[in-house]
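Scrolling down, you'll hit the structures one after another.
Heads up, the next two complexes both have chain A, just with different partners, chain B and then chain C.
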Partner chain A sequence: MKINYLYAPFTRIAGLKSLLIGLIGLFITAYLAFLTGTHLNGLLNLDFAKDADFVFYLLENLINWVSISVFLFLSGLLLSKSRIRIIDIFGTSVLSRLPLIIAPLIRSFPFLQSFVFQSWKMYLIIVFYLVSVIWTIILLFNGFRISCNLKNERLIISFIISILFSEIVTRMVIYLLIFKT
Partner chain B sequence: MNKKLPIRCPSCESFLKVKQLQCDKCETEVSGLYSLPIISQLSIDDQKFILDFAKASGSLKIMAQNMNLSYPTVRNKLDEIINSINTLETNED
Partner chain C sequence: MKSLVFILGVYFIFSLNSCSQDFKKLDNTELDKIKLQIAQNFAVNYLTKLREGSFYEFHDEAIDALKSQLTEQNQKLIYHQLSDKFGDFKSLEYAETWIQGNNNSILIFRFKSNFEKSKKKLEVRVVLNESGKIAGFWIKPWSDMLK
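Right after this comes the complex of A and B.
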């Protein structure tokens, strides 16, 4: 069986293994985000500010991951005829977030640590961020497809709805968190 | 050489049936028209999967380890085979 590790590693890695690798990646991403002041507050949102503790940057990543996983799991429960496992959904979706390390990673280069608004440096970071988001979405999609054994329009529609709902929930929870602190 | 059991008609693609069986030892021949068992109508890969699954005591975890694939990939393969069996059973009815 031909396996493409870049965008479909889940044929070989899922469950606990992907959960552990993904969680390590999530912690490193959050730590780099904290060091560089890169807020990954949602899959489709990027902000730059060194204005919080490490825990906040970690929570942003955790909230987004849990929210995506919960919605994907609910979609799987509703639509899949297979006996799906929650650990596969949470494991594949956390491993799918690995590319999100790119934006905080390139911001750790000295010449990209500070930049003027709407400068070429900012656009460069955004381009890298967009590439990482597209890569993450492809991985999330493949992880969801394999974990829930869904096909065709059921797969595509439920995936899009899950991502959109999870984005709304992520923003709401993060804003609630900001107002509380 | 391992000869592959033909299951479909090369002319019209319908499932073939068994017309004659022979005893290797005394050469007694039995003639009739028998359907192939459903498991024989599956692809060679699917038949192998079922045999390996039985040898693994029906454990998908062991199957995943043996095949070096993830658990959901193996479960999806099993679901595909179940669907094929259901389709074959419906066609037989």
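Right after this comes the complex of A and C.
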């Protein structure tokens, strides 16, 4: 039962509660990311650079969360016959990001602060990051399934498309953010 | 079977490590402050001259190959491309030093620099060879990984 809680907690935590817990987690993740220089700019992209202010790391996390949530919400609106609560989508999405704290947490070890490209240190961080991303995607998927009451092909295809679109939007917005207007 | 997987795993990790063992990051206590000053002065002077519309005139502080590449025309062209994207150079600060080579003869100085239009810092990298001459100079997005 406990292991189930790790990848499908949304039968017990949903709505405002998951939103609040998730937001606290997102802020802590962003702060650790800032301290360690770990850019979580999209689910499928990880950069190592202490090169910006805290706000930038926070925005990276917020932008990715909002864009995933918006696309999942739109998919739910289009494909589900059930009534969808926006707070459920945003709440489960932000709670699903909790495993992403792993990469910045691992990088807080001093020997992983700076390293050579293609060194074992780089691969070690990437392995931990991949675990956290897979875990996050499983959580997102389960949250989306429960919040929108979708099944089978509709569920899988709309989920994949939403993630891909949110990645593109996240990258575009972050790119625009880098350069001051 | 398990021991074979273990041996292959250990070999894989050692192979990865061997790719990077030519480089070592220096502590501040091991740092040659004079060489750091040479690298920092060069980087600041170079970028300041170009920001002011002039160019950096090399003397005997750099190797010939670098001097022949960074002609007045090339310097201005590269800076123009850089400032178009990131804005004008503002400042730079020392970040870290790495050594490369079997006898630790090559010094890689890494600086974080601010440009007007960019919210992210860029890396200014100056490489000194065994005789203390500037042998490499790069400006690129900062990464905590040495590439």
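Couple of notes before you dig in:
Here is the rule we go by: the second predicted complex is superposed on the first by the 177 of 181 C-alpha atoms of A that agree within 3 Å, B and C clash if a C-alpha of one lies under 4 Å from a C-alpha of the other, contacts with A are read in each partner's own complex, and residues count from 1 in each chain.
Just so we're on the same page, a contact is a pair of C-beta atoms (placed from the backbone, for glycine too) under 8 Å apart; a residue touches a chain by one contact, two chains touch by 3 or more.
Because the structure is predicted, anything quoted here is derived from the model rather than measured.
Applying the stated contact rule after C-alpha superposition, one finds that A:Asn149 touches chain B and leaves chain C untouched.
Partner contacting the larger number of chain A residues, of chain B and chain C: C.
In the superposed pair of complexes, A:Ser82 makes contact with chain B only, with no contact to chain C. In the superposed pair of complexes, A:Thr11 makes contact with chain B only, with no contact to chain C. In the overlay built on the shared chain, the residue A:Phe117 is in contact with chain C alone; chain B does not reach it. In the superposition on chain A, A:Ala49 makes contact with chain C only, not with chain B. No residue of chain A lies in contact with both chain B in one complex and chain C in the other. The touching residues of chain A, counted against chain C in their complex, run 37, 47-53, 56, 113-120, 122-123, 177-180. The touching residues of chain C, counted against chain A in their complex, run 13, 16-17, 19-20, 23, 25, 85-87, 96, 112, 116-122, 141-147.
Contact residues of chain B toward chain A in the complex are 68-73, 75-76, 79.
Interface residues of chain A, counted against chain B in their complex, comprise 1, 10-15, 18, 81-85, 88, 146-147, 149.
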